[in-house]
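The structures considered in this document are given below.
Same chain, two partners: chain A is paired with chain B first, then with chain C.
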Partner chain A sequence: MIKPAEWQLALPLALAFASIFLAPLLMLVGVSFFNDDKISQPGLAQWAKFLGDPFSYKVIADTLLLGVKTVCATIVVGYPLALVYLDAPPRLQKVMIFVIVMPLLLSVVVRTFAWIVVLGREGVINQLLISLGIISEPLRLLQTELGLVISLTQIEMPLMLLPLISVMSRLDPNLRDASAALGASRWRTLFTVIVPLSMPGLVAGCLLVFASSTTAFISQTVIGGVRLIYLPLLIWQQSLVVFNWPFAAVVSITLLISVLTVVSALSWLGRRSGGYVHG
Partner chain B sequence: MFSRRSLLAGATALGGASLLPTLAHAKGSVTAAIYPGTWEEAYRSIVVPALKKDSDVELELQPLFAVDQVAKVKAARGAPPFDAFVLDPGPRIMAIEAGLIEKFDGKKLMNASKLPAGFVDEWGVCVGAQVVGIAYNPKKVPAPKGWKDLFSEPWVSRLGLTGFQTTFGTVSLIEIAKVFGGSETNVEPAFVELKKVLPKIAAVGQPAAMAGLFQQGQCDVMYTNTQTVATLKGRGVDIEFVKPETGAVAFYTTLHITKGATEVANAYKYFDAAVSKGVQEALTKPPYNFIPANKDVVMPSYLPMKSLDEFNSFVLHDWAKINPLRAGWIEKFNKEMAK
Partner chain C sequence: MQSTPAARTLDVEDLTVRYGAALAVDGVTLAIEPGEVVALLGPSGCGKTTLLRVIAGFVRQASGRVRVDGATIDHLPANQRNIGIVFQNYALFPHMTVAENVAYGLRARGVRSSEVQARISRFLDIVQLAGFRERLPRQLSGGQQQRVALARALAVEPSILLLDEPFAALDRNLRLDMQIEVKRLQRTLGLTTILVTHDQDEAMSVADRIAVMNKGKVEQFDTPVAIYDRPQTLFVNGFIGTTNLMNGKVAALHDGTATVVLDAGASFSLSAPAKISVGASVLISVRPEQLALSSVPGPGAWKIQPGLSLPLGAQLVHEARTVDGASLKIVEPRRASPADTARVYCTLAADARPTLFPRST
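Up next, the complex of A and B:
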């Protein structure tokens, strides 16, 4: 029997990718080069309209900035949590993993509406602060970027923690003892030993959180409201309300390119840090 | 371990299985799009069993908003995923212009005589109406008189808004524009007034999120339809409907046969069942609270009218004029409202 070469084994998957992923993507690019919503006149009018409008750049910047803010918030909350996880006894670790994964088990719609109940004018946070006498008028949390980042931090947290924990739990515990024995303080051990070694996990987490939060249409529109405008909202409006598919294609490609740029920069950083750790 | 032969057999079986849904789509069935939420629940529990009982036709429902239905049929290019549309006036005209709707023969409907004049036309049949006005929370704010009140205290700081994406949002913003000197085709005055009060407004949300925002007390005044008010009230929310002094807005919801539909005869049977007296009567009851299209059905008491004839006194809009302007309005709303 002739043994199939390795590339032959990958052929079915490659074909599936080509037909269900690559072909629609090429069609999307093709559609963006039409002037009218009937997709009959080829031209660059939609690109010119999008790129010639200063509002578009504001929306692109806001979208990427939302991703950066969410990534920062998940690191600030998630990294200490991962450290606690590492030192926790196995039974507690199991409970923690369950709590961490829980947001993934809920539908995004349920999670999002739960945040309306928490952040709302008469929501949990405002009622607590008012009953404690800290504020007299309810704070505006819903439909603000702050509220949106808070909720996205919880929603995207598993994507940061899971890669982080999987990398950190493979670290040799002796390294910490060695660092302490050589006279390093706990902080120094953290920043010169643990953080650099956990870099691949951290970068993978950042990558996932960034890509997921910049494209989180439901959370962005329901919690953020429609005064905070991000690229996914524009795509939805143009494709499903206005039916201007060429323009929707232009916005989609812009979202794809801008997110991919940041993601590839991050993964380049990840590869570099990996080399740093092992080299 | 799998041999290559068993893998192949498995793949063939999978391929074969993908053909099954077409077999299941046998005689005696019809697939119809329906609005998600109340419409879907109501049609599933009332129209589906009625059609099965009267005509032995299986009704399969696909929950989709009006604009999504038009987008799907457009994208399907001649092989539509469902046999019947349910549409509001704006998307209805879009679908007709795009050639997505089959011509309709009103004579094939047994219940046609039970419907008011004009409810059956060459494109489809009207199954219900929506009345749009102002909803407010009587425990938090006094009753507003009309659209103008929404822009002054105490209402403005408790106001929840939506844009031009939906029919009810569009007609409400047009009515607001009118009281400030605009018209059906000139919504500029609404933008000017909105801009002035924007920092005070309680919420600007997605249409689908508005009921939730009201329920959670994020806003206490909004524009919406009578059905939403009745449904929220049924859940114990403090909410009342006000017919604005310039008149409430009415528009009709219509059923249509999709161009290229495979089950045309069954689609007519479905439409007939949907406008029959029994079904329409059941639809007007809580928790569904529909406005009936059948003349034999008594109007529910909470509605701001006694009979369908009164609709002529309501504000109606010409969507053939509105549709071409709407894309521009949506874009402008984004820019003017953006933080």
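Up next, the complex of A and C:
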């Protein structure tokens, strides 16, 4: 009695996924194999056009590189923050969790425009640096990749921190004491015990940040501007400006495949390093 | 066995630890002899684990000193104290093999790799896990994990060994084996050892001396036999072994001997503690094996209402109730003859050593 009920319970969701996710995806693949923007002549012309253009490869590389840079920045800022969180007293931990989760509570548009205010020529960063006498001319941060990585780092931070904190707080606190009692310094303990054991959280965080930052169309466009071209912008231009849907479909599938490749490589790494946490 | 490092003394002097406003350890002083096994015994929250963590260097004391061989170690961080510790949950590094776990402390100390290999072999031999070098901790049983934790702690040749409830997670049979094993290792290596436990049998069987702790203070620090036979406080009396408590009054005092009249209706003499006066309400504590049943009334016998009698191995445990409502347990060797129903009096056994405590009202 229970067995059939179990899969029957999953049926509505499965149907919803099939109709609003799987079917459009198949249609997208279908559309990519048409030569003209009226979607009337089947053929491989759009694929040939995209794959034959060196510019396409530069956009793919830039997009993946943006993901890598954002991942690196979130690790550099997020990992120490997670360590601070672990050592913090419970009351401070509650405040920290609120601050960490805050970016998720705000609309992506609001967050992005807030970053324009911070990064602009007359923005907070430039005014601060000028008033401190570190620079005399305002830095160009908007419409540069540096500004984009800075803002994405903040926007994607919760996706790094939440899995990291969840894995690290399940680590046995005695492990650190055991390591110290055996004569290991704090750094040795960090790199030989804490980092290896927090790998599953780190990999999950990298995965989420990478997938999210490579496809963050609004941030990429509003902060990066139209001169920094990533795959999502290309899709938007082709589908809603030029109305070349087959080409947009080709770019979409390329984005999907390239992000999925990196994500599966990461999760394979994660599985290899995982399994010790509950050991 | 190769070199046996000289055993060290461990002195804890007037140690106090505060957690916020609460005193976790309250002015504890212990002088531990070289090569001695001392058990810190007490209920949970008595400060025994905190005391251990101070010695290990994980917790800072508010005041007081810890000395190893006379030298204070209070200024040293945990990783420079050279004190071995085995945790209740063993805290093995789950991503490292048995050999890597044992090598961890040696590598942290920069021991040469040939020497590391030699010591891995030596200490895994000692704990009888030579064939398990390449296993991961989760592939081992609880007892084996504990042996690895011991080997890991011992491999760095610590000056002091700390054991934090090391047998609590083991089942009963294995626990006894491991207690014997630890005692054997400790003897061979001549290590001064502190064992934290809430299990009095464990403390009795493993330790040379026991420090009974309650509410952050050491109530009594003595040999297991002395603690059992001559408990100095009511807490120790109740915490160690089974005992009967009866109400009474001091009728007379003479040369340190008090004559006590039980509320249940008998009187006898026993040695009196210092601060006691005639007419004071007292509690008399007698171990179950120091009471006897009798069918004859007399000045030293009081009337009881016999209850159930339960055979317990070679002994018979009688349950009884006095006329003033106290319940008693009386243990006698089991005899072939059936229980004598006429035995409605209770007396002190010939070698009884009842203890007197002032009753706080």
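The rule we apply is simple: the second predicted complex is superposed on the first by the 263 of 279 C-alpha atoms of A that agree within 3 Å, B and C clash if a C-alpha of one lies under 4 Å from a C-alpha of the other, contacts with A are read in each partner's own complex, and residues count from 1 in each chain.
Just so it is clear, a contact is a pair of C-beta atoms (placed from the backbone, for glycine too) under 8 Å apart; a residue touches a chain by one contact, two chains touch by 3 or more.
Values in this document were obtained by computation on a predicted structure and should not be read as measured data.
*Asks:* With the two structures laid over each other on chain A, which partner does A:174 touch: chain B (first), chain C (second), both, or neither?
*Replies:* second
*Asks:* Touch test for A:40: chain B only (first), chain C only (second), both, or neither?
*Replies:* A:40 sits against neither chain B nor chain C.
*Asks:* Does chain C touch more residues of chain A than chain B does, or is it the other way round?
*Replies:* Comparing chain B with chain C, the partner touching more chain A residues is B.
*Asks:* Would you sort A:131 into first (chain B), second (chain C), both or neither based on which partner it touches?
*Replies:* A:131 sits against neither chain B nor chain C.
*Asks:* Looking at A:184, would you say it contacts chain B, chain C, both, or neither? Reply first, second, both or neither.
*Replies:* A:184 sits against chain C, while chain B stays out of touch.
*Asks:* Between chain B (first) and chain C (second), which, if any, makes contact with A:193: first, second, both or neither?
*Replies:* second
*Asks:* Is A:228 touching anything from chain B or chain C once the two structures are fitted on A? First, second, both or neither.
*Replies:* In the superposed model, A:228 contacts chain B only, not chain C.
*Asks:* Given the complex with chain C, which residues does chain A contribute to the contact?
*Replies:* Checking each residue of chain A against chain C gives 172, 174-175, 177-185, 188, 192-193, 196-197, 276-277, 279.
*Asks:* Can you check the complex and tell me which residues of chain A touch chain B?
*Replies:* Residues of chain A touching chain B: 55, 58, 113, 116-117, 120-123, 142-143, 145, 221-222, 225-229, 234, 237, 239-244.
*Asks:* Over in the complex, which chain C residues touch chain A? Could you list them?
*Replies:* 53, 56-58, 77-85, 87, 89, 91-95, 104-105, 108-109, 136-138, 152-153, 156
*Asks:* Which chain B residues qualify as touching chain A in the complex?
*Replies:* Touch list, chain B to chain A: 67-68, 70-71, 74, 94, 162-163, 165, 202-206, 209, 212-213, 216-218, 326-327, 330, 334-335, 337-339.
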